[in-house]
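Each of the next two complexes has subunit A plus one other chain: subunit B in the first, subunit C in the second.
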Partner chain A sequence: MSGFLKKMSDLDKRVIFVLISLAVIIPLLYPLFIEINVNPEVKAVYDTIENLPNGSTVFLAMDFDPSSKPELYPMAEAVLRHCFRKNHKVIGMTFWVTGVGLGEKALTDIAKEYNKEYGTDYLYLGWKAGGYALVIQMGEEGIAAAFPVDHYGRETASMPILQKITHLKNIDYLVELAAGASIGTWYYYGKMKYKFKMGGGCTGVMAASWYNLLKIDWINGFMGGLRGAAEYEKLIDKKSKATRGMDAQSVSHMLIIAMIILGNIAYFANRAKGNK
Partner chain B sequence: MDSTILGGWIAAGLTLFMFSSLYKDNPFYRFGEHLYLGLSVGYIILKVIYANIIGGLYKPLFEDHQYMLLIPTILGLSLYTRFFPKIAWISRITFAFIVGYGSGLTIPRIIAGGIFQQIEKIITPLGKTGATWWEVFSGIVIIIGVASVLIYFFFSVEHKGIINKISRVGIYFVMIAFGASFGYTVMARMSLLIGRSYDLIEFATPKYYYATIVLLVLMVLILILYESMRKKEEGSEANA
Partner chain C sequence: MDQFKKLAPLIVAFVMGVFFGLQYYIPHPFTDDLLTGMSKWFIVIGGIAMGLGIVSLFYSHIYKIKRRAPAWGFSFVMFIALFTMLGVGIYCANAEVITETGKQTIYGWLYQSFMVPLQSTMFSILAFYVASAAFRAFRAKTKEATLLLIAAIIVMFARVPMGEAIYAQIPTFQVGGMTIPPTIGNITGWIMKTINMAAQGGISLGICLGVIAMSLKIIFGIEKSYMGSTK
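This part shows the complex of A and B:
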């Protein structure tokens, strides 16, 4: 036993890497279908989109790039599926220059699934520098003034989707999918002044701090990390990458917990032995 | 070859290159790292030139004759006078403008939307009519948490007696918060691994001509060869 504990405390980190890899890959190959429970904060985002009248406009800020794709991209897909299923119109954009392609792919792929028409049912503004100045411009001068041309270089002012929804105050719900601090930009310079409803999704790293934003009413709900995305997939009844990833997530977490416990037992046992 | 399949091979290869650093530093990893850095910087520069300089300045100025844009252009260009010590003072005008409007816009919003709103939401559950017992309890926990953590970070008074006891409570709150954040961080990192593993599994299918498997085998063989050559070289150097 003491030999095992000694080995545990001197374990080569590469052994841990291999174990974690197996804990991730095996459940991806052979899904376990572990039940996912939906948290109220995720349900709140779903309910808001679900209860909007058909044809409402949802503004989707996809402020992430490939480094957080596994967590936020499934959220974007799930929210878009929900919006298009409810015949809501979607305006997409990003503050992350390296995330432009991901936003475009999510919008065009899901729009294709639901036969939506570009310019009428959805619009992709793409990326533009400016941060908060851009939000203020969309609120004061209008979306078309801030983005005279869309991601593809087409003029936005004449697009049917922007005829009724001209300014930020006209949008029915803003969903912010954030890998950074852009939620502050949308809140301070957008929601505070133009009073639109706001919800969102964030990476797991940020999720704990977003409960605070929920508490102070910056947002009415949010999806935290891959789990949040999986919960949303469950709500829209379209199980996709996030749901499949949750099996791997659960198994790897169990392995990490087991290793933490074993590592601590080994540490204290070795320390006790050293004291004798 | 279909561009999707080619993309799959490149993605699988580069992912394996990056993962190879988990074993030890090697030329595959260094190549992948440098390529990633170079590509992302090049992409950002191009995107900024096209969107900001061509789309946001050149076209509106020369095609739409929006001459007002000359003002921010001059202000922006004046920032580069920092590189010429004799005229570097010119850049201060732009900095003054940036700091001035930035502070004017940001400070009131952060105070109102960040600080005041947080304080209000901490206090209201206790005074709210019809608050449930759970809301009142949560409110009390939050107040104790906020106060004790603030006292823990208050270094103007020596942490002795009652102050020490309260700051100890603050430490527990901080540890719980760190624990929650760390738990979520582990989940986030595992999600990234899941995302890449998911793609690697997909690229290992016949649709992609088993890209992951082929590249993994090739990489391992090359790394074994590289290691043996390196060891041989080190051995001959030691003998010399």
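This part shows the complex of A and C:
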């Protein structure tokens, strides 16, 4: 027994790497489909989109890049599916120049699933330098003034989707999918002034800080990490990437917990031995 | 002239800082127009900063190659990637290629085939380091470390469906309208929405006060490091 505990405390990190690899790969190959419970903060985002009148406009800010794709991309897909299913119009953009292709792919792929027409049902503004200044411009001078051309270089002012929705104050809901601090930009320069409703999604490591944003009413709900995305997939009844990923996350969390407990047992056993 | 060079940025920072600080509290079409005008300047400066960034990156890697600095070969890779994306973006951004998923622009194909897998792979490696670090560093050596350890284990256990499913096997009973033991969702909810939020609130407040203090120091010319000198 003491030999095992000694080995545990000196465990080679390569063993941990192999165990984590297996904990991730096996559940992805053989899914467990464990039931996911939906948290109220995720339900709030779903309910807001669900209760908007058909044909409302949702602004989807996809402020992430490939490094956080596993968590935030499934959220974007799930929210888009929900919006298009409800016949809402979607305007997408990103503050992250390295994420511009992800936003485009999510919008075009999901729009194709629901036979939506570009320029009428959805629009992708892409990326432009400026950060908060863009939000001010979209609020004061209009979306077409801030983005005279879309991601593809087409003129935006004449597009049917921007005929009624000209300024930020006209949008019905803004969903901010953030891998960084862009939620502040949307709140300070957008929501505070133009009074639109705002919800969002963030990476797992950011989720702890977003509970505060919920409390102080910056957002009315949010999806935290892969779990949040999986909960949203459950709500729209379309299990996809996030639900499959949750099995891998489940097993790897359990493995890490087991290793921490074993590591502590080994630590105390070795310490007690050293004291004798 | 030297005196003017030092003074001009301070005057600009003071006037702009005071004016746009006050602007927030004076909602009027005139001040709104000024803010919109300034935001356009900011967009232009943002674009120029992007260009400056590329120039700086260019020189930094040229310098590395010239000096044969460690891993200087990767600087060549950076140049190939930079000029390929730049060239495709400028000269044939909308030219299409046929892929297994249908038509795609060359730029989009390069992005989806190189950038996405490379960046995703780089960050997925974090999972291995986090697991290894958790195993080595999470030791109940002190009271504070023990509290952190317990909270982390509860949240890690409860934030995944497997943990919830295991916990749901524990028999519950009612005492005075209360469920004993409380549901795992209630336990993590309390940790996240009470303990975590109190700590986060304190941190946020501290950050805000720090930002206000730093802004005032810049506006009044006490903090000058943004000018490239602390003197």
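The rule we apply is simple: the second predicted complex is superposed on the first by the 276 of 276 C-alpha atoms of A that agree within 3 Å, B and C clash if a C-alpha of one lies under 4 Å from a C-alpha of the other, contacts with A are read in each partner's own complex, and residues count from 1 in each chain.
Operating definition for what follows: a contact is a pair of C-beta atoms (placed from the backbone, for glycine too) under 8 Å apart; a residue touches a chain by one contact, two chains touch by 3 or more.
Since this is a predicted model, take the numbers as computed values, not measurements.
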Clash or fit, subunit B versus subunit C on superposed subunit A: clash
Touching partner for A:Glu104 - first (subunit B), second (subunit C), both, neither: second
First, second, both or neither for A:Gly131, with subunit B first and subunit C second: second
First (subunit B), second (subunit C), both or neither touched by A:Thr57: neither
Partner touching more residues of subunit A, whether subunit B or subunit C: C
Touching partner for A:Arg244 - first (subunit B), second (subunit C), both, neither: first
Touched partner set for A:Glu141, first subunit B, second subunit C, both or neither: second
Which superposed partner A:Asn37 touches (first subunit B, second subunit C, both, neither): second
First, second, both or neither for A:Leu28, with subunit B first and subunit C second: first
Touched partner set for A:Tyr187, first subunit B, second subunit C, both or neither: first
Contacts of A:Val149 with subunit B and subunit C, given as first, second, both or neither: first
Stretch of subunit B, among 20-28, 56-64, 92-100 or 200-208, that runs into subunit C once the two complexes are superposed: 92-100
Residues of subunit A contacting subunit B in one complex and subunit C in the other: 17, 20-21, 24, 67-70, 98, 100, 128-129, 132, 136, 208-209, 212, 215, 227, 249, 252-253, 256
Subunit C-facing residues of subunit A, complex: 11, 13, 16-17, 19-21, 24, 32, 34-37, 39, 65-70, 98, 100-102, 104-105, 128-134, 136-137, 140-141, 152-153, 208-209, 211-212, 215, 227, 246-247, 249-257, 259-261, 263-264, 267-268
Residues of subunit B defined as touching subunit A within the complex: 22-23, 40, 43-44, 47-48, 51-52, 55-56, 105-106, 109-110, 112-114, 117-118, 120-121, 177, 180-181, 183-198, 201
Subunit B-facing residues of subunit A, complex: 14, 17, 20-21, 24-25, 28-29, 67-71, 97-98, 100, 127-129, 132, 136, 149, 187-189, 192, 203-209, 212, 215-218, 224-227, 241, 244-245, 248-249, 252-253, 256
Subunit A partner contacts - residues on subunit C that touch it in the complex: 32, 35-36, 38-40, 42-43, 46-47, 49-50, 94, 107-108, 111-112, 115-120, 122-124, 127-128, 130-132, 134-136, 138-140, 149, 152-153, 156-157, 159-165, 185, 192-193, 196-197, 200-201, 204
